[in-house]
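This is the structure I want to talk about, given as structure tokens.
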Amino acid sequence: MVRVAIIGASGYTGVESIEIILRHPSAKLTYLTALPEECGHVADLFGQLRGRLDMPVEPLDLDKLAQTADVAMCCLPHKVSMAFVPKLLNAGVKVIDFSADYRIKDVAVYEKYYEPHTDRENLAHAVYGLPELFRGEIKKATLIANPGCYPTGASLALAPLLANKLIKTRGIVVSSVTGVSGGGKNPSPNFHFPNMNENLYPYGVGVHRHMPEMEQVASAVAGESVELLFQPHVGPFDRGILSSVYCDPTGDISAKQVQDLFRDFYKDERFVQVLAKPPVVKHVAKSNYCHVFPTVAKGKVVVFSAIDNLIKGASGQAIQNMNLLFNLPEAMGLE
Amino acid sequence: MVRVAIIGASGYTGVESIEIILRHPSAKLTYLTALPEECGHVADLFGQLRGRLDMPVEPLDLDKLAQTADVAMCCLPHKVSMAFVPKLLNAGVKVIDFSADYRIKDVAVYEKYYEPHTDRENLAHAVYGLPELFRGEIKKATLIANPGCYPTGASLALAPLLANKLIKTRGIVVSSVTGVSGGGKNPSPNFHFPNMNENLYPYGVGVHRHMPEMEQVASAVAGESVELLFQPHVGPFDRGILSSVYCDPTGDISAKQVQDLFRDFYKDERFVQVLAKPPVVKHVAKSNYCHVFPTVAKGKVVVFSAIDNLIKGASGQAIQNMNLLFNLPEAMGLE
Amino acid sequence: MVRVAIIGASGYTGVESIEIILRHPSAKLTYLTALPEECGHVADLFGQLRGRLDMPVEPLDLDKLAQTADVAMCCLPHKVSMAFVPKLLNAGVKVIDFSADYRIKDVAVYEKYYEPHTDRENLAHAVYGLPELFRGEIKKATLIANPGCYPTGASLALAPLLANKLIKTRGIVVSSVTGVSGGGKNPSPNFHFPNMNENLYPYGVGVHRHMPEMEQVASAVAGESVELLFQPHVGPFDRGILSSVYCDPTGDISAKQVQDLFRDFYKDERFVQVLAKPPVVKHVAKSNYCHVFPTVAKGKVVVFSAIDNLIKGASGQAIQNMNLLFNLPEAMGLE
Amino acid sequence: MVRVAIIGASGYTGVESIEIILRHPSAKLTYLTALPEECGHVADLFGQLRGRLDMPVEPLDLDKLAQTADVAMCCLPHKVSMAFVPKLLNAGVKVIDFSADYRIKDVAVYEKYYEPHTDRENLAHAVYGLPELFRGEIKKATLIANPGCYPTGASLALAPLLANKLIKTRGIVVSSVTGVSGGGKNPSPNFHFPNMNENLYPYGVGVHRHMPEMEQVASAVAGESVELLFQPHVGPFDRGILSSVYCDPTGDISAKQVQDLFRDFYKDERFVQVLAKPPVVKHVAKSNYCHVFPTVAKGKVVVFSAIDNLIKGASGQAIQNMNLLFNLPEAMGLE
């Protein structure tokens, strides 16, 4: 039984992780932490857990962590995360970090989009936790950088094409729409219900922090530098990301050929389903699945992918990584 | 041309008033005010006005008000309102006040539900601005207390019954569901999109401030003390209030009799439509109409009423009052 | 391992039952049936099952049913159900019937609200499957009438009061709002997205078929005839029912007393959580829990209950009943 | 006073046209027609018109049309439209046609995407009714092909760039999300509330009928053949289209240069507002405005445009065209 601590349990990825572990036959929650002002009974923070989980959310105590947990799900925001992760690792637990702090290997890129990096030592050995692409390294890791939500969907859409040199490495457009839970739990005017409801809009034009993360994964898969334009939008629904990816083929290719390629590339992957028609966000909501549909239209290779941003894009993928780390069946607790 | 100032133009009732006056053939906006930190070009506050209204929102200057306006729509919250209304009146303008400060005539009741009252003088001559019930006094007023959103819908549902002594004055239940704009523009956890979306819940059980306001109107119409239980709920939509009113009849009465009674009672009222089937909120959204359906079921008289909380429940009703104040056709700008 | 067949698997309660059984450690799906025109691979009917369940949905064959299943979840509509249930029972399986056909013991009442009853024999021994109130009989049943969604929430709100004679048995009002999935999967103008979105309305005034079902349960619990007015509404969300119940107390009673009563009444019930504040629908969505909050306001006893209409109001409750039928832990697969 | 008939008044563009004309100071509704089975009092078809418009919707009678109307808004679907438009024109009225039947000048293209064309004669002189681009011809027309909703938003986003040869005429991607009203009033499984709510998905990959319409307009503006990929998506909201347009520049160009270009290009256009930040769909809902934001990102020229699909994308633009046809101020009734 893997003993799991959740560091920063008071946000959406925290409660999502709790829900999954409650159903996991070989893992149990042993420790939930949050900032002091957010502590209390877990059902007071998340009413949906009333009667289902009787545990406190407490301020972090590293000794208690060391004694109670085998792995820490670190659900802290970037910058805060890299201040805590070294301590968590020193406490002897494996760490699955949900922030961006250990995702981007090139410190200069990280610092351009985020902050000065304060933990290069651990960054060096962190493993990017996208199991479908990096399963081997994940199994041996002690620190896993759990991927961003948008990069998960985009990378799964691009990988078969880039790995097979079927698309050009310049001019790629990833146009995505996320549900509002992607913006986190803090109230703001943009996400105030009467402003967000019946609305949809683009943001972060040319500057979103998930763009370099996508480029890093894409370049790793392609074996050469890939540049892309990532354009996020937010729409009036809770959960899910639909990514529409537009690329230029390197040569003649048919819709059937890209379909066959994807089916072959993902034939052993339970959580990536290659569809014969466009995906719908609702079919992956509340699940760890990615639905992907590749085709060719008007001379472009077009790929659509849909995931739940909080599950395959965060907490579900973290459990998938945890299963790999602890030699459990990869899909355990996620079906 | 009635010259209109909007005091507190930065909220939802402010912009709603602006939109209506932009379409009003005999009124024009001359002055928009807000707190200093919310001032600026009106289209920077409300993007939907881009290209439609080229005006600043400015801090309130009473001299400027006196020079530019015939009437002030005072869209301030309670307590703030009674600090400003005396000054607005002194500036020589008529005032239509959107807050609760001048609605409740019994100071003890007001102070039980709200705050110590600081402007009893003006309270004494303020007129409750529900035109269908108090048209005569409204025409002669200088200060109008624009009704609350819930009381507007509930009062129009109850008035024909109470005026005709057809229901008991005890045991009435008003069970209402409002859209989220009723909670105002300030972000809060409850109204954060991922919390409010796909949700519905009751609040303010037994203590909502609109309950004594409803009782005051009901008692005035009945000519005797009426007590009722008002239970509000909030649901995942922008606009509208559906009130379901359950009452005990004083004697035998049929569905047809209450239908006929309502049709007769409201036969000259353009903005109250008596339906032959239950109302739907969406049909009154963005309009100043109240749809009402009275019937009898299982021994209860049941009345449903639907309004737009921001129009008939606030800004539209204010314009209706303004039209009465200035001897304009009552429906002008509201159709 | 309980072998489960789902008869009428193509609707919302069918897929919901499938999802729960997929997570159930001691039950497995062995047979899925639907009308011929709705048959095919289960993932073609429900895209969310792609990669998760590889089974056909087939036309019903009673021999196959007899050979493959221990229990049939009969997710057919009323009237159709009573044509099939005798055959299912004759095939030697236990039956949990989702329709209204075996819920109402008084045939005259059934026939007033529904159709001529064609299977009085099985009606006589069917057991009403609300475990919190009728657990003993459920365990011994071969045919369970799974309760209606509205009656489940209303009955759990009323039972502690009626069992203890704390409210009058006349004048009760149950005012409920359901999400749209309660209306089933068939497209109709009312539930067309642009008509239902941003909308809310009452329906079935005085005539809803769940009213006599509620009265039957309430009378059974009270030990005397109970009459109530049930008023349903539909709101713009997928899942959940919020019931607001207004009753007249038989004597003086405080909010604390009703709170204590409910906590005691449900102290051993995992799936009924008595809250200290009003429930919110979203907290019970996708779960088998009922959240209930009883209080006293303006002389009325007021109880709010929230359930997921498809889970505690249908498929989850069916699995709860199945667990009882087969001597499994009652909450298995439902946590 | 322009006398307006609406042919096919029972759909969403019909009622939207009715609403606008009700507010129009120089136009009045004189005749509403629909299929016999959809006829009746207009408020029985559209409950929101109760008390606001007292008119029948009748089967079409060409003599009555000739006597009562100056212009017919023809809100019929394609194919049906070209069967009726010749008759409407013969009745001596001007026609603004909402269908696709008179939009595409190349009959071969029309027939590839739609049907055999049965009215080439009128097609030859029909004018494409996008006022910002073709105002001169519109004023002189007798038959106006009112543009499609998607092409309106896309064309306004592309025109300044193409007219100035700033982008390449190949490789353009128009990635759009529409609200559900774009799918019309007929119920279908896709638009059944529980299926569409909390959902978002692409459709019509590579084959949407608005793609050749966009190419025709783009080519006309560019003065050379333009090819583009149009990819529509549908999201869970009533109204609005957000188009995200990705293009390759022909040479070096800065964000400021494209901003300046757009501001200059649209400087006299009331209904096109060039923003300094990305548009939000909600700000154009219920209005005839198009909000557009052009910029440069990662080597691409990116333009976002937002319109209300039923107003600027249909009925509002039709009224704008009507105003031009009858020498009324272009914005009359639309502000």
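Per-chain numbering from 1; labels A, B, C and D assigned in written order.
FYI, contacts are C-beta pairs under 8 Å (C-beta built on N, C-alpha and C of every residue); 3 or more make two chains touch, one makes a residue touch a chain.
All values reported here derive from a predicted model rather than from experimental measurement.
For chain C, the chain with the farthest CA centroid is D. Judged by contacting C-beta pairs, the busier of the interfaces A-B and A-D is A-D. The geometric centre of chain A is 39 Å away from that of chain D, both derived from CA atoms. Averaging Cα coordinates per chain places chain A and chain C 36 Å apart. Here the spacing of chain A and chain B, counted between their Cα centres, is 46 Å. Taken residue by residue, chain B touches two or more other chains at 179, 197-198, 236-238, 279-280, 282, 285, whereas all remaining positions touch fewer. If each chain is drawn as a node and touching chains are joined, the picture has every node linked to every other.
The touching residues of chain C, counted against chain B in their complex, run 171, 173, 175, 177, 179, 195, 197-203, 205-207, 211, 227-229, 231, 233, 235-240, 242, 244, 246, 248, 278-282, 285, 295-300, 302, 304, 306.
Contacts from chain A toward chain B in the complex involve residues 12, 179-181, 185-189, 191-194, 196-198, 236-238. In the complex of the two chains, the chain B residues touching chain D come out as 22-23, 25, 47-48, 50-52, 198, 270-271, 273, 275, 279-280, 282-287, 289, 291, 335.
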